[in-house]
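These are the structures, in structure tokens.
Consider the two complexes below, in which chain A is the common component and chain B and chain C are the respective partners.
Then we have the complex of A and B:
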């Protein structure tokens, strides 16, 4: 019996890590956008939703696997993020916080409405994907798609981290986040950096959507499941910190899964949000905050 | 009110007559219901404005106050047989105490952080109440339809609800005006505009923010009871959702944050858009109503951060009638 419950616990812990990695990837984009320009993006969950639909339509129209269409979906989301920046966000950079909150909130509603209008409010599923079935490993069982998603999230998060820390462009982006005016004086075009942050942010969330698409129902309001969690991860990890978001994503995944397991699944969101409040009140800089 | 011009007094009298006689002239229940929705929305916007507009503390969790108010009065009706009028006051008191308990730790958070904390509090309370069997959890509470009458706060006609909603709105506007004109109002604006300077002059930031959240949550809770008695049914999604919280804030923002009549203008415009797009586009479930709603929010946020009242002022030059209610026109004046 003890052995069995240990296995169950391990299984739970691992599934927490797997979902946590996805949360981390969603939050990486959000933390980047916030870190670079102090704008909180309420429409971030909608990028996840668009990524999911990208995967779905690739499969439905061209019978191409989500993993095959992933680069194209990521590219489209990148372009969409830049577009949103150019059309809306650029105009509210110096506006009061209220305007910023409501511009991105309006975007959230608009994108959900568009998805409903274009693609119907039904639940969609991507079936017959390349990665399927379960993998058993010394008594533990994993869904293939979940493992794939977790692995993919690690790769993309690491890629973003490397981009920010090991390339000239990434360093310029980091510099803009740390001190906008000094960056301008160094010849960095902050406007392009902001657009880049939105592009990368949308692409990361979109990739998370693609990775989720094979085991998560796809519907216009699916983003609501991720946006609050992503805020929690961003705050816990420290605003603007990619590495912080990575570890915080895993912690949030664990709190959610373990809490759901021990107290009851209906309370898992409340537990995550309680953690959020505690961090806000007692450690507002998060695990690895810079500000 | 000394700077009211005679033209404005005439306009105000006309508006008063139209507002008072509306449900007697327009007898279709659909339109009466629409008017009630506008009044209720305006009242919530005015209540939000005390905290979000005057004190500058952006709450995106006001639904929690609305919900606690409604749940308190509804439980008192169904379990203790007390009149909802008593429940309205009890709900206000309970909600204010809750708001003070939340505000005390959260007021040290600034800007985005405070807004996010309020979302979290409201979402947590939605989960808690959804799982609270004594409060009927996710099922919701049905309120008795009989007996009807003033004491029971149940009416078969829409007309009494109209006048009650109007009365509550006027009461909320008066509270708003009283706060704006008292020393509390001056301190609140000082806190919003120059928090450091206000602190250095010895203004206790937290104390006045707590006054603002207590008043704001009390009025919001009263609105919750009115909603419960009008619909005779409450459940967590309709009372405590973040969508509702954001709508309450949006009413004030659309009209003009920190202005007396901004939320009223915002409510008229927002509810009209919402109902029109729902009636003309919403029936097919195509999402067109959300597209229009979202687009309007973006346009207002991007092009008119000071809301429709701000837009009106820009267009027509500052009108004395509006300016009397505008905080920025009073900064620096002696009390």
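Then we have the complex of A and C:
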């Protein structure tokens, strides 16, 4: 049986928080897009994948560290998000829900297929990054890449939250989310607000991808691993709530890592999905849901 | 223009006639079914090259190194030549069955070989069984294939259960000769059919042979983190971790071992992700010291000159090296040629009888086996896998000790002492 030492437990607990922060960052984009325009983006995991490939190609072609290329990758993903909105999503805003699902689902398959076609289905990894190595203190140890990823996720999530709550533009975005028509009457250009939401959403997922790229294998279907968990985080945090997604990401990370450690790793996905079901049954609005 | 077409017709007719002539008694047709198109096409093309090389050796089109069984040719059939007729199963069991039927009924092959994919071998060999044509399988490892009570099915390759049994033989050898202590095991396998069956078999063998299973983890291969798994392994602190993983999860597991500073005395991997050519390319020196089972390795050539010579022939003809798959297909052609020669006939029953009496010493093949001898079920009982270790970024053979090219590095050095 498992011999539990405090050291082992503490290490697991902290590792759970680190991965939870990444889940939160992936979910922030998803929840933002949903909150603002009620569209579920099934292609969200593919934004993470694109971010990872961005980091990889920066390293492979120009030997630039993922952290160096991060601002550019984020900007590219922002542009890509806006483009997706203008080309695809704008046309289906008033369409039935099923059409919206098919549109983003189709985009997911298209992006995966393109990645497979252009970059081959091989596994890749950014092997030597600036943050390699690890930090150890009193028996606990953390990989540099994982610490960097957790820290980066906090910074970006906080930045998005501040933007939404402390800036004029962010308030306009929030206003659009609360009542589209009233926002239009107040002189807010809702179209550009929607595009902005997609840009920020894609950029968040892309940044998560870049942060992951230093310790997670990169392959065309990698988004699938993260998007399921991101949905659970969004539901737990409450649709549309960035702060909710943050705390929910950490909770889901703990349920998976610590729960998996204590009850058995075989059940870790089952534990997360059980949480998902419980939230839907007993608190469908989530922790900090608005709608 | 008309004249041109007439010419074309005439040449086409003469070609057909020529083909008819070439089909005379002195040519023995053997059907070979591989995935020549589709996702596994690149492997299929390599297998085809290996089979063609073996046929060229049997037909004495290229001189064979002395001692190679394929080099004997077919003297008892008055020096007849074999002709390989290829079928393409595209990775699809239905297509494989149709191709088997076509080769038997239309191409009149005397035996069938293939199909690399276990699930295609299953359907194609059913067709051969129905028609009473010998089916020789060179490289499918699914265990149940040779447990179907077929009369016409033969398999030269070891199957999955034998490979797992090899792990325990290796542990025993390590304990005997290197004084290793390998009593507690952790089974760490992915949770689909492959990992599940492996876990069951490992559990049974561990019990039978007096090993303690300290931890048993089945994990989902598509996962975002393996911290919980690795922490469980750490808590159990086994001497050996026996791991079955695909590529992505193998890489993530190695990264997590490093992050959390976990090193068992031995990491015994079950092929797949750990011997994928991408594994070392991706991990670099972090992949060092893992052990994995393999069916074959190029460094075996250092101990067996036959392997080097045959590999040189392959390199010259096709600009590629042999692999565990192509070496086994090369061997399958050699085995069917040997049986044809001993039968002295292409009659199905005579060929089947000759196959069942096959007795080829390992030293006459390019495989690290003791030999080729089939039991009642048609399974080769003298085959075995090898165990390789990554040393300085290369897979080197470390077991069986008599074919090993390097000593095992044991125990695996801790991450901070590398």
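Rule of thumb we're sticking to: the second predicted complex is superposed on the first by the 287 of 291 C-alpha atoms of A that agree within 3 Å, B and C clash if a C-alpha of one lies under 4 Å from a C-alpha of the other, contacts with A are read in each partner's own complex, and residues count from 1 in each chain.
By definition in this document, a residue touches a chain if its C-beta (ideal position, glycine included) is under 8 Å from a C-beta of that chain, and two chains touch if they have at least 3 such contacts.
Source: prediction; values computed, not measured.
Trainee: Classify the contacts of A:96 with the two partner chains as first (chain B alone), second (chain C alone), both, or neither.
Mentor: After superposition on chain A, A:96 lies in contact with chain B alone.
Trainee: Which partner chains sit in contact with A:55 here, chain B, chain C, both or neither? Use first/second/both/neither.
Mentor: neither
Trainee: For A:36, is the partner it touches chain B (first), chain C (second), both, or none of the two (neither)?
Mentor: neither
Trainee: Looking at the overlay, does A:217 come into contact with chain B only (first), chain C only (second), both, or neither?
Mentor: second
Trainee: Taking the superposition as given, does A:266 touch the first partner, chain B, the second, chain C, both, or neither?
Mentor: The answer is both, since A:266 touches chain B and chain C.
Trainee: Should A:19 be classified as contacting the first partner (chain B), the second (chain C), both, or neither?
Mentor: Only chain C; A:19 stays clear of chain B.
Trainee: After the superposition on A, what does A:8 contact: first (chain B), second (chain C), both or neither?
Mentor: In the superposed model, A:8 contacts chain C only, not chain B.
Trainee: Which partner chains sit in contact with A:142 here, chain B, chain C, both or neither? Use first/second/both/neither.
Mentor: The second partner, chain C, only.
Trainee: By the touch definition above, which chain A residues appear in both interfaces, chain B in one complex and chain C in the other?
Mentor: Comparing the two interfaces on chain A, one with chain B and one with chain C, the shared residues are 264, 266, 269.
Trainee: Under the stated contact criterion, what part of chain C meets chain A in this complex?
Mentor: The contact residues of chain C facing chain A are 191, 215, 217-220, 222-229, 231-232, 234-236, 247-248, 251-252, 255, 258-261, 278, 282-284.
Trainee: What part of chain B is in contact with chain A in the complex they form?
Mentor: That would be residues 52, 58, 60, 105-106, 108-109, 111-113, 115-117, 119-121, 123-124, 127-128, 130-131, 246, 249-250, 253, 257, 285-303, 305 of chain B.
Trainee: Going by the contact rule set out above, which residues of chain A touch chain C in the complex?
Mentor: 2-5, 8, 11-12, 15-16, 19, 22-23, 122-125, 127, 134, 136, 141-143, 146, 215-217, 219, 222, 224-226, 229, 256-261, 264-266, 268-269
Trainee: Give every residue of chain A touching chain B within the complex, in rising order.
Mentor: Residues in contact with chain B: 40, 88, 91-92, 95-103, 105-117, 121, 220, 228, 231, 235, 264, 266-267, 269-270, 273-274, 276-277, 280-281, 284.
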